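Common to both upcoming complexes is chain A, partnered first by chain B, then by chain C.
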Partner chain A sequence: MKLPFFRSPDGREGGTPADPTEAPRMGGQVLPGADAPLDRRDETVLPTEPAVSDAQGEVPPTVTAPAVPVGPTKIAARDISVFYGDKQALYDVSLDIPDKTVTSFIGPSGCGKSTFLRCMNRMNDTIQGARVTGQILMDGDDINARSVDPVLLRAQVGMVFQKPNPFPKTIYENVAYGPRIHGLTSSKSEMDGIVEVSLKRAGLWDEVADRLHSAGTGLSGGQQQRLVIARAIAVNPEVILMDEPCSALDPIATAKIEELIDELREQYCIVIVTHSMAQAARVSQRTAFFHLGRLVEHGDTEEIFTNPRERRTLDYITGRFG
Partner chain B sequence: MDPARIDRDYPQGTNFQLLVAQQQLARMGVVDDAQGTQATAYRTLLSSELKFRAADLVRRDPSVIGQTVEITAPMSDDADLYYKGEITRDEDAALRRVSDRQMEWLDDLKRDGSVTSGFNTLLFTQGDSTEPELAGVLGAVVGSALMLLVTALIAIPLGVGAAVYLEEFARKGRITDLIEVNINNLAAVPSIVYGLLGLALFINFAHLPRSSPLVGGLVLALMALPTIIIATRSSLKAVPPSIREAALAMGASRTQTVFHHVLPLAMPGVMTGTIISMAHALGETAPLLLIGMVSFVPGIPGAITEPAGALPSLVYIWENASELAFHERTAAAILVLLVFMIVMNAAAILLRRRFERRW
Partner chain C sequence: MIWFLIPVVAVLAVVAYAAGLALAKRRAAGHPQAHSRPQQHGYYALIWVAAPALAVIILAGIFSGPIAQNLISAGLPDVVQDMEPFRRDAFLNDARLLGEGQRPFQTWTGPLAEALESEAARSAGIQRTLMWGGIAGAALAALLGGLLAFAQIGPTLRARNRVEGWIGGLLFACSVVAILTTVGIVFSLVFDAVRFFDRVSITEFLFGTQWSPQIAIRADQVGSTGAFGAVPLFAGTFLIMLIAMAVAAPVGLFSAIYLSEYAGPITRGVVKPMLEILAGVPTVVYGFFAALTVGPAFREFFNGIGALLVGGPLDGLGQYLMLVQNQMALVAGTVMGIMLIPFVSSLSDDIINAVPQSLRDGSYAMGATKSETVSRVLLPAALPGIAGAMLLAVSRAIGETMIVTMAAGLAANLTLNPLDTVTTVTVQIVTLLTGDQEFDSAKTLAAFGLGLTLFIVTLLLNIVAQRIVQTYREQYD
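What follows is the complex of A and B.
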């Protein structure tokens, strides 16, 4: 299904599906192509040719992001602007985010990716001085409406942060916390079940099954991040927001998380902020590129990486800035 | 136990010390004059505890009347000082409190083994007394404990609550800034000013009983509040924001976030601050001056509304006493105060450990 806020492929589907994300495959930035064909110093001139050279070697990524089909629109943002005090951090962002799909946000530091992500579970409400204007519809309902309890919203929209932040409690307690405060279950055996299923879905069960009652903070960074994901999915959210979930992890842990994200895609609407172009290319079907608080370009991941419309996108994905 | 001189119905009325003195003099073959000068002089070497113990014995078992019984009781403070070498023959006989004669008797008693030295446990079992050999710290210890109980019950919930509100719930603005400045200032106000405030507020206005641990505790609570608030706020601030974020993003409400996650993590710091302020309160003397807790209070308080002393004020009273023997007791009282504090701090460390590994 084509969504109005995602550009159609411009009839250029025959374009070379070259992957500019060849070299550092996990967590690293993409290096600029040595043979970029155009002079890109003049920002006002748009490339007339498909910008990315096809001369680069094609290495199949570990997780192959299948292009489409994506689900129906889960979240629709309209003219979102965010102010921190007097400072505007986000300018009129409108974007549709499809369900059962991984959407990645890319862009240089400080361009407002996290800010936009926080709009979707109203975490900006918790920051003093932050003000959000515009509308975010989730399944057609305005999440900023007076009748919406942000606490309940956050049960539907889970979030994973850059630095793994398990509670300083046991592994079991970490996962059981959400279901407990939302009253999802009252019996111990049901809770055990939820904990087990969540940990299994997060791919952590086998590693921690025998030490559920030891400290969650005693796990390795990658395990902690998967624990945090298990904690988030324990309350049956519909959307999972991930803010650079792998930037504090080593390549192997990153690969595990990426695999996990790919599996979770079947059940959830996933939005991931990443600094790694390679990661965006591997795990996401949709990509949105932000720059200086504005949404510059968005569309199918493959399209963005092989055939970006905007010069700034091209410069960024080829590592020219950021 | 001379039947002729003991009042069966009211044994406390009997002058047992004089009985003992006369018996001892008779044993030594000393013939007293008509006024009983010698017996009176001998009598002053014996403490009134002797009388209480003898009377107690008679009350419990009236059949001892007419028999000869052995009773052990402390010597008087002057006798004690002589034995310890604090009073010597070199001093001017007119100025010293033990005469040559009494010294001979004391030497005699020591020689025949009637006097032995040991630890005077009355120190731990008695309240204050005008007689040093009978004065104990128990009254002051109980007074201090009751006072601290009042302080803790008021200052800890109020202080921690205020800090949590200010730090986690209140909208930061001009008013919270003003409150913050105020609290910081209050922490630096001399304690005697709190004493004055307590006098005006709790005694003159609210008519609470003076010299009572209730008023003392209230005053110390006022004094401890700023410290507790400041310590609690800074340990709340030290909780990593990622934990708050994690809880909020899980759909925990603000209250749940604070009480399930932030406060438990801040607890070790809160406890440290609290214990420090409690230890401070325990040693505080100046405010007690103004609410009548630095005064002679015999006996042991049974309730927070009864007059009571406190350990630091006892130290002050004893050090100021005219009887030399009280000065030794002062040292003992200081040691007891220090032990009290060590026990408190040890308990604090144990509690802290507990809280730190709650999971």
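What follows is the complex of A and C.
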């Protein structure tokens, strides 16, 4: 039961919570780990003061993301586990992701947040030896079902990566890539329209309108990332997944992308993985905290950052580990 | 010979090492701050004993022959001096043999027999003197070097740095050998090519369309004066290269795409090493295959088609196809293409693998299929590198000799018909430099002209290709 790699940095074991208030919960439901024998609870000496005063002056970032009504559930994940070969990377994650909302995944490196993100457009299929169990329902349909074609799924679920990855083509061709391969249009003028609208929505049009036919790789890092976002929205997706989209960018480019994310929220279901808790606090309405392959806690961002239920969440957002 | 001293020097060097080690230990006693460890002092002594002695031995080995010859020919008696040069050389050779205690090749009569005896004694004396001189020189060098080293050994000697310096020097010398040799080859090529272009003008060589290098070797021989227009050779080389690339480029590239994008780890683990083994097959084996298997098969195939066409509306073509021979450009080109497949495939595989994974992810995440990703993202991204790989393959195809020698024929036809026999630059170099030859006839020297042309063309191709591949690699690092 207790594998050594579940040892959390402060020496407690993730599998057997030492304090009942720390029982891993998921949407109010107690995780299987909490059912484990509790005879070890006395082994760890716990601080008796309230947890916040323990954080030695470190305060979690203030939530500044616009508070908006959360949309209906777009994606419902049930008991998702992911295995890379023999190694399990994700343990029974169940999570509802609402539409027209920014949901952020936070957690230390290797906690499974990117792995979970990649389940939602079945990008794990492209990895040798990866296996996903559980159900992901998008608008009520299981995307892991045999009948679902990952090619069509990925047209509905756009993805933006950590490192800007424009194709070695012109700016125009980068944006037109998706519409072309999905045969969305065959006329030149329609394609021009799609490219223009996508670039405008990505906030890049004014900067590149006069050089649409120069190489996409010649843009700056922040512009490249917005180009990639334009490429993703050119096929009219319903969901946009972002895997640490700003970690390779400077603060100004980051601010632009965050502004863009907030604008896109009105039309899309956005899921963003981020290392920066400040970013999660700035852009997202909902936050899920992952640790060691498990979903520890999720809820409204405001609540996660001001009043976390879990000790580990508090430790992470106040910078005590991760 | 003086070379037998080398093992002796080796033994001396080991002794010097041991002595240096012991000496260093003794002198370092009581000096905790000694700069280098005793072993390094040992190596220092070893180098100083071995290096000067080896230098003397090598110099003696190289120069003792010419010196002995000069000394012997300086004091020859008149009866020997008056002989024709080649008889005198034979006589002196016999004298040397007799001096070394072996039997002379010829019997010399009259005054020459006496002269032989005395010359043999003189030759043996000179050889002995040189030999002992060499030995003494080497011993002296080893002794002086050793004394120098042993005098220096002590706690303050920076033996570690000096030994490192010597090792660096030795490694540098080894790496320079290959470069210097190549430079030497180029110079000899240029030198002889210049002699060739004295006889045949460059314009005639580069633009002439007649190639028949048969120049009369003897004055009374029947033969043409030869024609040295290399255009038919260039055309033949080009044609065969084209056919080879038509085979190797698509097959090699597609197999690389399969290996890097489609194959599972098991298939890849089997196919890739096998392709690499194929790259190590000697080209003469491919030549065999071309001449004995592919050639007859192609001939039968075309003769069969010809037989079908004869008498029909395409009678002329049929007649021609009936007469196709085993040796043709198509056979040589096809087999050369097969030979190049592993080369192209292996290089392209490396290049496609160097395309960042993020581009693949980006394309798959857009909902592209594998083949769309390959054709719309990976190949455009890898294009410069693949172009470089193809140029390298072209340069190999141009320089390839054995397959074309065995399968393309020898007739220098100026044609682009793949069913004709053609000949290439490399084949002509082979034919010009094998068999009877005289090194100042234009026929033989033509090989150097061809070699220089070939060298320049492949050098340029390689430089361009390496440049392209390198800038491509840097782009994605």
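The criterion applied here is as follows: the second predicted complex is superposed on the first by the 257 of 322 C-alpha atoms of A that agree within 3 Å, B and C clash if a C-alpha of one lies under 4 Å from a C-alpha of the other, contacts with A are read in each partner's own complex, and residues count from 1 in each chain.
In this section, a contact is a pair of C-beta atoms (placed from the backbone, for glycine too) under 8 Å apart; a residue touches a chain by one contact, two chains touch by 3 or more.
Computed from a predicted structure; not experimentally measured.
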Practice prompt. Could you check whether chain B and chain C clash or fit when both are placed on chain A?
Written response: clash
Worksheet item: If you stack the two complexes on chain A, which partner ends up touching A:232: first (chain B), second (chain C), both, or neither?
Response: both
Worksheet item: Does the superposition put A:215 against chain B (first), chain C (second), both, or neither?
Response: first
Worksheet item: Looking at the overlay, what does A:121 touch: chain B (first), chain C (second), both, or neither?
Response: both
Discussion item. Is A:193 touching anything from chain B or chain C once the two structures are fitted on A? First, second, both or neither.
Written reply: neither
Discussion item. By the touch definition at the top of the document, which applies to A:170: first (chain B), second (chain C), both, or neither?
Written reply: first
Discussion item. On chain A, which stretch or stretches are contacted by chain B in one complex as well as by chain C in the other?
Written reply: 121, 123, 126, 128, 151-155, 158-159, 161, 163, 165-169, 177-178, 181-182, 228, 231-232, 235
Worksheet, complete the sentence: Per the touch rule, the chain A residues reaching chain B in their complex are 121, 123, 126, 128, 151-155, 158-159, 161, 163, 165-170, 173, 177-178, 181-182, 215, 228, 231-232, 235
Practice prompt. Flag every residue of chain B that touches chain A in the complex, lowest number first.
Written response: 171-172, 240, 242-253, 256, 260-261, 265, 359
Item to complete: Give every residue of chain A touching chain C within the complex, in rising order.
Response: 121, 123, 126, 128, 150-155, 158-159, 161, 163, 165-169, 177-178, 181-182, 228, 231-232, 235
Worksheet entry | For the chain C and chain A complex, residues of the former touching the latter | 264-265, 356, 358-369, 372, 376-377, 380-381
